[in-house]
Amino acid sequence: MALKVVIIGGGSSYTPEIMEGFLKRYEQFPVTDIVLVDVKAGEEKVKIVTALAKRMVLKAGKDIRVSYTFNRKEALQGADFVTTQIRVGGLQARAYDERIPLKHGMIGQETNGAGGIMKAFRTIPVMLEIAQEMHEICPDAWLINFTNPAGIVTEAVMNHSPFKNVIGVCNIPFNMRSGVGELFQVPAERVMIEFVGLNHFVFGRKVYIDGVDRTAEAMHHLIYDDVDYSPANIVALPWNKQFLKTLNMLPNPYHQYYFQHEQVLKKDVEAYQTNVTRAEVVMEVEEALFKKYQSPNLDVKPEELEQRGGAYYSEAACNVMTSIYNNSMDVQTVNTLNNGTITDLPADCVIEVNSVITASGPMPLSIGNLPAVISGAIVQMKQYERLVVEAAVTGDYSKAYAAMIMNPLVTSDDKAQVVLDELLHVHQSNLPQFSKEVVKQ
Amino acid sequence: MALKVVIIGGGSSYTPEIMEGFLKRYEQFPVTDIVLVDVKAGEEKVKIVTALAKRMVLKAGKDIRVSYTFNRKEALQGADFVTTQIRVGGLQARAYDERIPLKHGMIGQETNGAGGIMKAFRTIPVMLEIAQEMHEICPDAWLINFTNPAGIVTEAVMNHSPFKNVIGVCNIPFNMRSGVGELFQVPAERVMIEFVGLNHFVFGRKVYIDGVDRTAEAMHHLIYDDVDYSPANIVALPWNKQFLKTLNMLPNPYHQYYFQHEQVLKKDVEAYQTNVTRAEVVMEVEEALFKKYQSPNLDVKPEELEQRGGAYYSEAACNVMTSIYNNSMDVQTVNTLNNGTITDLPADCVIEVNSVITASGPMPLSIGNLPAVISGAIVQMKQYERLVVEAAVTGDYSKAYAAMIMNPLVTSDDKAQVVLDELLHVHQSNLPQFSKEVVKQ
Amino acid sequence: MALKVVIIGGGSSYTPEIMEGFLKRYEQFPVTDIVLVDVKAGEEKVKIVTALAKRMVLKAGKDIRVSYTFNRKEALQGADFVTTQIRVGGLQARAYDERIPLKHGMIGQETNGAGGIMKAFRTIPVMLEIAQEMHEICPDAWLINFTNPAGIVTEAVMNHSPFKNVIGVCNIPFNMRSGVGELFQVPAERVMIEFVGLNHFVFGRKVYIDGVDRTAEAMHHLIYDDVDYSPANIVALPWNKQFLKTLNMLPNPYHQYYFQHEQVLKKDVEAYQTNVTRAEVVMEVEEALFKKYQSPNLDVKPEELEQRGGAYYSEAACNVMTSIYNNSMDVQTVNTLNNGTITDLPADCVIEVNSVITASGPMPLSIGNLPAVISGAIVQMKQYERLVVEAAVTGDYSKAYAAMIMNPLVTSDDKAQVVLDELLHVHQSNLPQFSKEVVKQ
Amino acid sequence: MALKVVIIGGGSSYTPEIMEGFLKRYEQFPVTDIVLVDVKAGEEKVKIVTALAKRMVLKAGKDIRVSYTFNRKEALQGADFVTTQIRVGGLQARAYDERIPLKHGMIGQETNGAGGIMKAFRTIPVMLEIAQEMHEICPDAWLINFTNPAGIVTEAVMNHSPFKNVIGVCNIPFNMRSGVGELFQVPAERVMIEFVGLNHFVFGRKVYIDGVDRTAEAMHHLIYDDVDYSPANIVALPWNKQFLKTLNMLPNPYHQYYFQHEQVLKKDVEAYQTNVTRAEVVMEVEEALFKKYQSPNLDVKPEELEQRGGAYYSEAACNVMTSIYNNSMDVQTVNTLNNGTITDLPADCVIEVNSVITASGPMPLSIGNLPAVISGAIVQMKQYERLVVEAAVTGDYSKAYAAMIMNPLVTSDDKAQVVLDELLHVHQSNLPQFSKEVVKQ
């Protein structure tokens, strides 16, 4: 029986990781066809990656057809699962997202602040197109999105397309479980964290080892043992101990942008001034990776990829696909519709939440009210995210400004406008929803 | 390692069933000690049941110590799980609950209508005592309640005792899954029903077979194939086909009391007039059962017990205990705290809901808003239940009247008072919370 | 400056009352034009009423043009206020609404039970037409609806037409204030009741005299002094004293249908059997009234009208119009959008609530949570009302059945269908939204 | 008949303004006794103010007894209204609140940021004492609080004292109405603004002139006509035009701290560096005022007082007292219990809202959901305020840190601690709730 997976943005340097994931899980998830889809501009990369993927399959001795195409609609025929790892505008766009805000003294990370807003603006129209095509071509397939900002992008698809089989995944929850596992010296599989919140703004309210609540010990370790579960792609500053005591929950690495705003800004401005913001670093890493990928002797995922930043993204994606396929009913952390799971947030928003994964998709475990200390921050973050989605979908300048000014990392009404205008201008070609007039200047 | 289970109301005719449950699950749930607790008045019965239980253990060749006691506190020492299958006032009390309302032309079933109110009034004080003792003696043990009205009783413990490790179980959800399994000719294990609502007022919103949504087919079967999943202890009338079409969800057998009020009332009044209300029937069944239990050759659960009415109650209880013990994280249907799971109901109420069963107890799957067609009925039922709990806990006559008049089966302000007064009077000795003055007349 | 009022259903026997209302308020509400609109079939009546209205104006010596027309659109040109007092199908339809349910042992009052459902089904399509016309012809005018079931009809217009300037009024709140005024021997103007709930299902939570909370005294009077503030058109049974004590709020006369269901049903069945349901009574009253109205010497509202049942309806309507006209910002009780006023009810439903009346319409005073004892009943009633609106707007048979079975006065799934089918059949010509097929039989 | 007003903090320089308010309203609010209460340390000031107040009464020719005392409990005997205008720690404390945060590069205004937190910490214990005394001595009197942060202080009293007759007032809503009145060239009395939000974080969602919605014009004026309705005590920066367009509501002057964070911080840091933060300015103004007050020829409120900053505070207070006294039922903007008025906020929090003022206190006009664009910000602000109250009441250091880190003007986990510790230290003597240990260092 055929089991077909389509990887949109298949020419990404991450692809070998997801390939490894499929090979590891072949018994439970006997994939027969993998199609890498990319844009013509990425032809060279997708060819390199496809060749490597084929070598990996050969080495593993599995019966999987691997191919690439520039024709997305064709690829979607008969698809069972579709993953998206696209970067609209490429790393150059990322560089703008990071550098323009920093020029004006604002944080511009690719999922937070003005940068995250822009990435959403560029990504959402493309994702809505993909969702529409899936609705028409493979309506029962599942779309597993790990393009950032993953929560916002997933919400846009959920609320603005007829296609509802979409799930957002992120490596942070898995990283946090692994980190906690190290603290307790148990494998991540025995760790359950009750995640509460939003993608990149999720907190770990409870820590269970084998189902037993060990939150207090986990917090003690975190405060006194200097754990770090930050992914490679963001800075990692130590937390103030009192912050952790007061929070009494696990923060995630991205919380630094908000609760260590000053320190991160300082660090990022320095990076900006010395020309080494994240985009520049990644560009170099990518170049090296693709050089490596071309080696005809390479037939496994190279170790260097783990330093790329998004390690375990594809782990999360493969786990979800496998459990849907098998109706496993295990608990995984995904981005899906809130629908009352967190009572403080709108029913139709997307949250990051532990869910039972079934053949009909994720069924979230109820959370109830947000913990008091973080409820205001999470509600505000979600409200900001909704403004982003609304602006991304409508191309309305006033809503785009609303998203800017309500972002907690934006601290001036005037600069909000200056930075927004500059960003809309440089990204013009990837923002079809915003009229020329708006982005001209 | 010891694994101790205490069965309160151990002299019940149901005990052989739960014994069978333990023996079947011995590999996963290696119980070492089973203590049957009962009141001195039930000495004869508890002795008979203990002897039978011992014979069952011997036959099965397991290493389980079985004993009985009248000293509840002593029994609770070192307990891991406690189940309650008590009937305060015995079957005579049930007879009053059924007959006095019927005398005045009102339904008086043991979980619905005036009868259910009274059973709650008698049971809740005893359950709060047990919970208090567990809080002091075995605070980490789990209380698995299947005394009716199970949802109301569980809510009373949850909100009015310091002990929170309480779970209510009922056989109805399991019966419904079995019934649906028969429709699709698959074992109940492959059936998942999304249960929405309250104990004895739960609806099946979605039917999944192997995780795939088959609700439409299930409804079609139900409408045209005349399925019956009613337990033996309640009447079973056929549903109006349009009712099922409009509902588009699985009703549960107890819904007859509300949506076939007239027909059930007529049937019950006839039973009353011919002296064969349920209590009378059960008295006879019980007598026969205990005669059988005494036979020294009997060393298994006798088949007749299945006709007793509560079949599968202990199945549900054993499943919950086994999954807690093993942190199995499978999905079971239990009565637990709402905490936002159903957004239309108060956070601190108890609902009947699919939950992941962990070593830390049940984690409900989020439901969100109630389906429009039944939301009013469920909200009203829960509000009524809360009035019952409040009256049961305070012994306040005015609140007891509130519970009566807000019960959908009570249709007259005057009769509400007459029936309430008569019932308080006959049950006086089992209602310590109501002052003499209130119940005198 | 012109101030034009259009009275739809102007040939109603109530018109002299509203005429009197305008004449009394002429200084504050200097109406210049009153147009009575009716259907051609009511020509005789509307002519009689118009003539009487003219004589009343003449006697009062005011400068008001009174006219009638069968052309509603023409009448709406330049209108400032439009009132509706229509009865689709006339009193014959009412007779069916009352008698068919009673034939099957069910209450069939014109705003409660199956009768109320049918009246809503007949009225809503006409009201939506009127609202649509106002939207096009006089979008800034106000529609003051007092056609029953007033709350349901107002909700239908609010949610299913583009025209939002609609306010529902009822005489019950005013009757209740007058009744309380009598208890305290003060004029109704000094009484404020905090009304909580829905039209014909509203409770008086607090009673203020001159702004001072006197609820306890009011309840004491009500319990021990046998007050009656029932309008003439419904039965008036005494309340059980314990009911009032437990409620600790003022019930309204229509609550009898629910909390004295048995007694009212008995009384209504007797009336049915002796052929004197309300419709028959009203037919006689109407005939006598119109005979009187024709007298050329009559130039004031005849006293007999007060016995007609709806006394003070027009009082309520005139008060609202006068306060809107003057931006008076006084507090009146109207049916308007909930919008969070009662947090237990949907934002987009219509409630009966104290509101500050401004030139921009009513601004409700916040209520918050419903009182526990009645919250279940009110939520259920509103949910039922929403099912009625949905069925009335869509003509969907299954939704019509849903409204029937969820009505608290309907107590059998089978009878719900029988009664629904008979009613749909007899009213067929006034139910264009229900397809022939549905109502055939 | 006696009508007694007690002014706590009576020695304040504001007292002549409230005296003027009483004299202006004497016909509607015939006060007979005014008692100024202050602490012994303020003896000189309260004597000066009392003497001036007496001269004002004499000049006006009214029959009002004015006196002062240091015995608060005695003063409260027979009180009808109590106002509070206290400043715990005096202007020196304010200087700390402003300067310590600024030293670390953080805004430290007296109602916003770290400064506002500290002012709440000092004020709340005293207010709870006053409330407790009123509960015992004059339980039917009304406490009209205008001590800042007025919303937070009012919420603390509402939720942590048995005394519920408390109302918070602020001059900002009145200033905004006046400002809008100027735009439309009508008196403030004809302006109604629908205020939505919290004290010092309130927005004007709708603008009505004579009850007619004129919001669009008001926004146009605001954007293009450069209106300013800032009080004298805070900086007044021009708003970015796009900010106003996107907001499409009236901001209040304090919103600058949040949406012009950078600009305000820059300005305040400059002031700090040149030693002219607000406390210093006020100290000088106060000195000049008291010099003036001593003049035996002064028998009216001196004009200079209007420049003091809090102009119209007492106007708001006098209006509320007059309407309660007369059960006027007019609409005023006050700080009172939310109770569902804003559905996004907790029922038991205090909001700033238009309310009908009755003899039983304010009855808020329903608001419903917050407008999307500001809902996140308001929810977060309220959540922060609740953390402040909790810390102020418990003296819990961890909660105090929570309030700091969740304040939108605090942008570093480390600095949050440094600034908190320094402030707790310097204010030690006025923070009895925080243990010595906590504030030592």
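Going by the order they are written in, the chains are A, B, C and D; count residues from 1 in each one.
As a working rule, a contact is a pair of C-beta atoms (placed from the backbone, for glycine too) under 8 Å apart; a residue touches a chain by one contact, two chains touch by 3 or more.
Given the structure is predicted, the values throughout are model-derived calculations rather than measurements.
Q: Which other chains touch chain C while also touching chain D?
A: Neighbours common to chain C and chain D are absent.
Q: Counting hops between chains that touch, how far apart are chain A and chain C?
A: Tracing touching chains, the least step count from chain A to chain C comes to 2.
Q: Relative to chain B, which chain's C-alpha centre is the most remote?
A: Chain centre farthest from chain B's centre: D.
Q: Just curious, how far off is chain D from chain A if you go by their C-alpha centres, in Å?
A: The separation of the two C-alpha centroids amounts to 45 Å.
Q: From the mean C-alpha coordinate of chain B to that of chain D, what's the distance rounded to whole Å?
A: Each chain reduced to its C-alpha mean, chain B and chain D end up 56 Å apart.
Q: Hunt down the residues of chain B that sit against at least two other chains at once, touch-wise.
A: none
Q: Under the touch definition given earlier, write down the residues of chain D that touch chain A in their complex.
A: Going by the criterion above, the answer is residues 105, 239-240, 242-243, 245-246, 259-263, 372-373, 375-377, 379-384, 386-387, 398-399, 401-402, 405-406, 408, 411-417.
Q: For a test of understanding, state which residues of chain C touch chain D in their complex under the given definition.
A: Those in contact with chain D are residues 192, 208, 210-213, 327, 329-331, 339-343, 347, 356, 358-360, 363-369.
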